[in-house]
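Contents: one structure, followed by commentary.
For reference, chains read A, B, C and D in written order, and residue numbers begin at 1 within each chain.
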Amino acid sequence: MIYKVIAKSEFKRFTDALLRDNTSFGPRQVDTDSRGKAVYQFLPVTSSDDVAFNYTVTASSAKHFFLPFREELSRFVFQDQEWDQQINYEADPIVLIGLRACDISALNILDDVLLKGHFPSPYYLAKRKNTFVIGLDHLPLPDCFCKSMSHHTISTGFNLFCSDIGEDYYLSINSSKAFNFLKEFDTRDPLDDDNCRLVERRKIISDSFLSEVDVTALPSILDIEFDSPVWEKWGNKCLNCGTCAMVCPTCYCYSVEESFATNLKGATRQKKLYSCNLVDFAEVAGGHNFRPKNGDRLKYRYYHQHRGFAENANQQICVGCNRCGRACLAGINPKDVINDLRMEKESCLTNISSSPDRI
Amino acid sequence: MHLKDSATMKRDYSLDIRHLTRVEGHANISITVKDGKLLDARWAIVETPRFFEVMVKGMSAERVPFLTSRICGICSISHALASIRALERAMKIEPPVVAEKTRLLAMHGETLQSHALHLFFLVAPDFTGTASVLPLITSHPDLIKAGLRIKELGNEISTVSAGRCTHPVSLVVGGLSKAPDKQQLLQLRTMIQESKPALDTACSFFRTLKIPEFKRETEFISLSNGSSYPSIGGSIISTDGVKQDENEYLLMTNEYSRDFSTSKFTRLSRESSVAGALARFNNNYDRLHPKAKEVAASFDLQAVCHNPFMNNIAQLIECIHILEDAGEMIDSLLDMELREIRTPYSPKAGSATGAVEAPRGILYHHMETSDEGKVVRADCIIPTTQNNANIGYDLGAIAEQALQEGKNDKEIEKLCEMVVRSYDPCISCSVH
Amino acid sequence: MKHRGFTFEKLKIASFDFTCCEGCQLQLANRESTLIDFLELLDIKNFRELSSEQFDDYDIALIEGSISRQDEVERLQAIRRQAKTLVAFGSCACFGGVNSLKNKFSLKELVAEVYPGMKVETMPVKKISDVVKVDLSIPGCPVNKEEVERIMVNLATGSLVTLPKHPVCFECKAQLNTCLFELGEICLGPITRGGCNAVCTTGKTPCLGCRGPSEEINMPAFVELVKARELSLDDLQEKIAFYNAFEGFSNHEA
Amino acid sequence: MPDKHFVIPRQDINREDFTSSIPDFNRRSEFMKTDMGHKCIITNIVRLTEQEKLFKLRIIDPHERGIFRFKPGQFLMLELPGFGDVPISISSSNSNHEFLELCIRKAGHVTSALFTLDEGAHVAIRGPFGSSFPMDEMAGNNVLLIAGGLGFAPLRAPLFWISEHRERFLNVAVLYGVKEPSQLLFTYQFDEWEKINHITLHTIAEHAEAGWRGKNGMITDLFQDISIDSEHTYAIVCGPPVMFKVVCSYLDNLGIPMNRMFVSLERRMHCGMGKCCRCMVGSTFTCVDGPVFDYWSVMNLKEAI
């Protein structure tokens, strides 16, 4: 890692050049909601003017640049008895500017899951390798809880990370590509004062979190509380809509579908991002559903996010961005669900302590 | 009406077609000639009525255009826009300029799609002597490819400007719910350029066809707003010299019912009148794009033309006009900030008419709103309704003429079917 | 057609329209880029809107529209006798569609208002399954041609024909749309079957549920969230009634 | 500013990119081949019952055939281009390097399409995937193979293994229960197993049919017919979800340690590679951690059985 400091105006020149020369995406305001708040999404940008540098958070994560909502896995071309299967692992280079620390953390988690398991995904890898990631720090929103998940700071997974230290950005440069590009621009080595400003900025960010989720021992609590009534309670609110998984930066479950071309001369195998909240997620031939109830399915999303699956060494994969909580129309969010689960536990503790056997 | 007194022509003839094919909706033709004398010629629409004018009662103005668009699958954009215009005028809402332009563009797309469908899928088989367009896929591949290209372009224009080509999604009271995407507009502009050769192919094909010789003088009615080749709103004018304000649509239509038809009839200065492409051509020739005028000349089509079969050619000429005009509209949209797209409104009581030039002619929606912005009364007059009477008279006249020319039964039947088709009737729409 | 050990036969198909706007039939001629391939899958036996030739040896009958007159009942029953697979094609056929809005009014009132002084036959609007057995439903107002194409390919190849089981929201999110609830509107996306690519909400107009209820919808929770946001229950009612697609769920409303 | 300077160059992916070792199943040269199937020809189709057929496949490419290996209990993804791919257990002997046998039930979309195929048609396979039965660990002991219905399909591979290494095992018994006698699979091999391989077979049907002279009842009724030496017995159990619990707790009561009972689970699968998460049982994947689990591991897993 190399650290530099760049004036914001110079940084603008740098982004202008980069965005001009590459297919780029960054945060842009798309709407103003009914409470007057701006809504942002990662959309195509061609100059620094397009980028909302002081945005809060995007409604959807940047996941779909790496795991598209729909992706062709392979293509079959039929010839008589035979067919030819074509697979393309190539990806076009893009620039992704403005990712938050937790968004980059999410990418690192996806790296773990998709590249370190038994069967690394070349589709994902090609996109990951060809994406130039520029991170941007920010002050948390009132409902962000990435600090609780230890994902509010980041040291890997990006090409360049910018910390806002007033008139300048404090740059963490994590790739030779970024370093070479920046040579053409006016940067300087950080001075003591810059370092102080960085530490101060980090402290401000860290102290600004209003939401906290107690995740200590959560994996085992989730195991123990597998049959908790809390799941049914929240499950009853759930609309089975899959919105939470779609906006989440780490939900990666999918389904595979094959379909014939209309001329019947070929077929494609497509991957579609899915959600464990959708009713047919665990349905098998013959109609048996391993998770027939809303609560069962909702539980699995939490189980995956906060307990982790074996492929990921049983690590939590939630980064605490609360996108799912914001997007859920039913008002289901990790903070409330987890706290409820903990309360369950605690109320049961009081029961035990007051039982006659204990006296 | 009497046949000319010629002994050889004094024969009996009767025609009874139930559910005419290759038209949209269910309708019958019946003609009776006895002893060389035309007793009756009927164009009877038997489609089941849906009662949209009652359905909208009590519905919020906001929702109504989405309902009335379902009057017709082919000209749904026109229906949505007629309602929107009526409601905006009733509640005194001024839509922003961007919205007005986008709406015109959407209508252009719809007209292009509708004309292409009519010319290539429904009319062409009449001239090639096939039962449908399907054999043409192999016998006239270039023509079909050209036709599909034009139709696709029409749909694409509507989709980019209104969100979906059939039953638009972003045309709303007050303007647009979503502005067209500039990237898509750019692509559309290229697509228009690339589609021009397809229209040339189509023109060459139509120039080889022998359009039946037939003429019956009648009155042509269309909108005219002084600025564009008519599309949305304006005064109502006729080739007999009548001119009225949009709100006076009742004076221009004089709607009446006949018990054999679930679709109604209209009249103005004569016993019948015509709306549609040929009427627009006849009334607004001056406003056509020079390119379109040029092609009209190559078909020997001049205003005022009284041959109903030439309505097909007028449609083709409108396609050319649209390709030129849509390109210019897109250019001006690209120059604008597509931000102000909808005027906020509060519900108001009022009543007004919205008239638009649908692909088949003027479409009137009249709406009355309550203080809460709910529709309390509605009236819709559909282009085909305005042509019904004229179709009936044409059928009689063409049967007479054909008998005189000594044509056989099959030939007469075909001519009758063709003359009806040339009006491009939209039957289910006319029984709404 | 025979390849890779499979024999694919053209579908002997017919298309009929009843009380409707014919917009769904029109979709059959859309999606021009693959139209010729699509037509190649079909052996069109009866399609009045497209062809003058009419035969009665079809296997699949697409039924568009709802039923609102006695002659339609008889015509439909005759089609049922012939068709091996009868398809309710579009929301009018599947649910009654917008036409059902007329059922709020008395038949007398309807006729008197539109055809004063005339005798016009009409009856309360029915969906196709009220009259005959339906084998397959393709909802949508209008139907989504992409889906129709896929279903026809599946029928021709003997593949399983299914509709998506997820609601519209799922597709809406893939379009990166701002949720209309965030913009203060009621949208039926959470309870409506997906498969339309969220075309309405992508055009920023609320979903009115033309594709009918999604699998296992949570109507009580949906009504609850509308109330929690203090949105108008009248508006909800108007939207839910629009296509008559949520008949069985009305007891949960408001 | 020089223009070209800021263009991000396209990068291809290569083997070195993968930090962990790749389980290059069948030692195929390219890591990418996880998505590309081996093409196979169907050389033989035997109808076993109303609903099941046995498909004999031969990998067409001699090189690919030469290196394809699997272990008893593993499954593969069977691909019918245009229709889809489905997980299917391998039912043949893993010492047979010429052919693979798959016993398949017509259950839905892909399997129905497969049932319309004739001999000579081509399909593709990916895999093998998943865990296997620890045959070597079982050697030197008694083995109980307990199958319910189609559960016999995954048991056939270990049964072949045992037959081929019969001398390494003590008593071997198969308990096989079905709903109706006509659903019994592989009846034509029963004689061979019993007479030549000295494997005792006990069958039972829930509902009797005309001509059925065997036993009637549930699979657990068969336990009365055998004596089990819990010290030296391993069990393999495979069948519908309800069966696992009943059978395994019965064996547990008999004193067979839970880690000596093996089950083969079935879940919805879309990738077979631990990515789609459709087959999760608790926090384990049926496809990579399973489908073969020892009972101790799964009884601790939520929702397993």
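Here is the rule we use: a residue touches a chain if its C-beta (ideal position, glycine included) is under 8 Å from a C-beta of that chain, and two chains touch if they have at least 3 such contacts.
For clarity, every value in this text was computed on a predicted model and none was experimentally measured.
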Inset, instruction - Using the touch definition up top, find the fewest steps from subunit B to subunit D. - result: 2
Legend entry - Closest chain to global C-alpha mean, per-chain Cα centroids: C
Inset, instruction - Count the C-beta pairs in contact for C-D and for A-D, then report the pair with the higher count. - result: A-D
Legend entry - Mean-CA-position distance for subunit D and subunit C (Å): 43
Inset, instruction - Report, in whole Å, the distance between the mean C-alpha point of subunit A and the mean C-alpha point of subunit C. - result: 37
Legend entry - Whole-Å separation of chain centres (CA-atom averages), subunit A against subunit B: 51
Inset, instruction - Please list all residues of subunit B that touch 2 or more other chains. - result: none
Legend entry - Multi-chain contact residues (two or more partners), subunit D: 81-83, 108, 120-122
Inset, instruction - Mind pulling the residue numbers of subunit A that touch at least two other chains? - result: 78, 81-83, 259-260
Inset, instruction - Kindly provide every pair of chains that touch. - result: A-C, A-D, B-C, C-D
Legend entry - subunit C-facing residues of subunit D, complex: 81-83, 108-109, 112-113, 116-118, 120-122
Legend entry - In the complex with subunit A, residue positions of subunit C that touch it: 1, 3-5, 8, 34, 37-38, 40-41, 149-150, 153-154, 156-157, 159, 165-167, 169-170, 173-174, 176, 178-179, 181-184, 189-191, 214-218, 221-222, 224-225, 228
Legend entry - Residues of subunit D defined as touching subunit A within the complex: 1-13, 17-20, 22-23, 31-32, 34-37, 81-85, 107-108, 111, 120-122, 124, 241, 266-268, 270-271, 273-278, 280, 282-285, 288-289, 302-303
Inset, instruction - Spell out the residues on subunit C that touch subunit B in their complex, using ranges where they run on. - result: 17-27, 29-30, 32-33, 35-36, 39, 44, 47-54, 68-69, 72, 97-99, 101-102, 104-105, 109-110, 113-115, 117-120, 122, 141-142, 199-200, 202-205, 208, 235, 238-239, 242
Inset, instruction - Would you pull the subunit C residues touching subunit D in the complex into a rising list? - result: 4-6, 157-160
